[in-house]
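There are structures below to look over.
Heads up, the next two complexes both have chain A, just with different partners, chain B and then chain C.
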Partner chain A sequence: MDKHFWITDQRIDINDCISKVTRAEAGAVNTFIGTVREFTKGKRTLYLEYQAYASMAEKKLTQIGEEIAAKWENTETAIVHRVGRLEISDVAVVIAVSTPHRNDAFEASRYAIERIKEIVPIWKKEHWEDGSLWIGDQKEKISYKKGVPVEEDMRND
Partner chain B sequence: MIDVLFFAELQEAAGKANMTIDAAGITVSDLKTNYLNELAIENIDQAMVAINEEYAEEDSIIKSGDVIAFIPPVSGG
Partner chain C sequence: MDKHFWITDQRIDINDCISKVTRAEAGAVNTFIGTVREFTKGKRTLYLEYQAYASMAEKKLTQIGEEIAAKWENTETAIVHRVGRLEISDVAVVIAVSTPHRNDAFEASRYAIERIKEIVPIWKKEHWEDGSLWIGDQKEKISYKKGVPVEEDMRND
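The block that comes next holds the complex of A and B.
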């Protein structure tokens, strides 16, 4: 499979993502790995469930790769996001960016994760000891439910 | 015919992942007001809408055969 931007319901192979961007012109490969966190502001997560509109999500991940290529010269980007049930410490997302020099690789991978949180149709359902909820806008422009969970629980930085 | 997809909490609120509507030439806004109102989906107005996998506006016209997705605020990553 030669896709650089994809959704999977399988455990993510980090090296597979990295190898897609490794090349002779690159002096830097920056890898961002997003994992499932157990505690958020003291509240314990048991597991997460991710859902995606997979076909559109792959298009939007591809668009992010194109945006990166336009903003930073000579980049190669690969992004994979997992869906389904994920346990604590499982890898949810991997972003690999290669560039000739390190600074662009750092900046571009930061850009990629922020854009994922804006435009890619993927959703996370938190399962806590005392309930569950689809998490809304992580950038906090919209608060879905007043009170429960408290606003800090909605954050995902 | 128009295919409508629901995701995440909207899917739970609608009680289904998708439905088909016998209509064409309506706007996104019409779809919500005149065709989905009986589902009484809370927060549907906070959702973005995609037509054929591209984000669309409230006044975008939906053609027969289009796939409309209601996209609640995303939370990937």
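The block that comes next holds the complex of A and C.
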């Protein structure tokens, strides 16, 4: 499978993502890895659940790759986001960007994670010691107190 | 071995470097990977050789980790640089920095690669189609036309 932008319910192999962008013209690869953090503002997370509108999410990840290709010359990008139940320190997202020169790799990778949080329909359910909550968008501005978001909620474009 | 800053003459395992910094308090890992690029300004590289004053290089890499710890809160850094003969697309250097929040991870990783090029005694011999040259410092401002640098040349601090 040579998909560069995908959603998976399996453990992410970071090398798999990096090897998709490694090539002779590139001298730099920047990788951003998002992992499940145990404490947020003193509150302990036990585990997380991610849910995605997968086909739309892959379309949006692909769009981010196209945006990067338009903004920085000679880039190659791969992005994978995991869904389902994730434990502390599990890898939730990997972005890999290769470029001939390092400055572009840093900038493009940074751009990608911000855009993922802006436009990709992935929801997170935080399970704390004292309860749980679906977080409606990745910028964490919308909560779904009634429970799991329905597919209609996921069409955020 | 739990060394976080090291020189190796073996193929670098990127996951090994990343796993050294992955931890429950961190939600973000930024990784910078430097690979051997085939073309530089139209000139084709066949392969590279890196040589280091290894004990000093590890000391300097450790210093960079300490500088990062002083500049950004709650970071964990690992850096490995390979020496010997490297082929096109081989991994020459991996930097991994984990932080609770992603902004710091990007900044610290960026800082690390610039500092490596400034202070770490590692020399590169470019083998092109039409000849070869030892590059005296990683900012590529010094050349050793006479051949391999001697140990004296490597004590650059």
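To be clear about the criterion, the second predicted complex is superposed on the first by the 135 of 157 C-alpha atoms of A that agree within 3 Å, B and C clash if a C-alpha of one lies under 4 Å from a C-alpha of the other, contacts with A are read in each partner's own complex, and residues count from 1 in each chain.
Basically, a residue touches a chain if its C-beta (ideal position, glycine included) is under 8 Å from a C-beta of that chain, and two chains touch if they have at least 3 such contacts.
Just so it is clear, the structure is predicted and the values come from calculations on it, not from any experiment.
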Touched partner set for A:Lys125, first chain B, second chain C, both or neither: first
Partner chain(s) touched by A:Gly34 [first = chain B, second = chain C, both, neither]: both
Contacts of A:Ala69 with chain B and chain C, given as first, second, both or neither: neither
Contacts of A:Ala54 with chain B and chain C, given as first, second, both or neither: neither
Which superposed partner A:Ile116 touches (first chain B, second chain C, both, neither): first
Chain B versus chain C as contact partner of A:His81, first or second or both or neither: first
Footprint overlap on chain A, where chain B in one structure and chain C in the other make contact: 34, 113
Interface residues, chain C side, partner chain A - complex: 14-15, 18, 22-39, 88-89, 98, 100, 102, 105-106, 109-110, 113
Chain A-facing residues of chain B, complex: 5, 7-9, 11-12, 43, 46, 50, 53, 55, 69, 71-77
Interfacial residue positions of chain A with respect to chain B in the complex: 34, 50-53, 55-57, 59, 81, 92-93, 113, 116-125, 133-138, 141-142, 144, 156
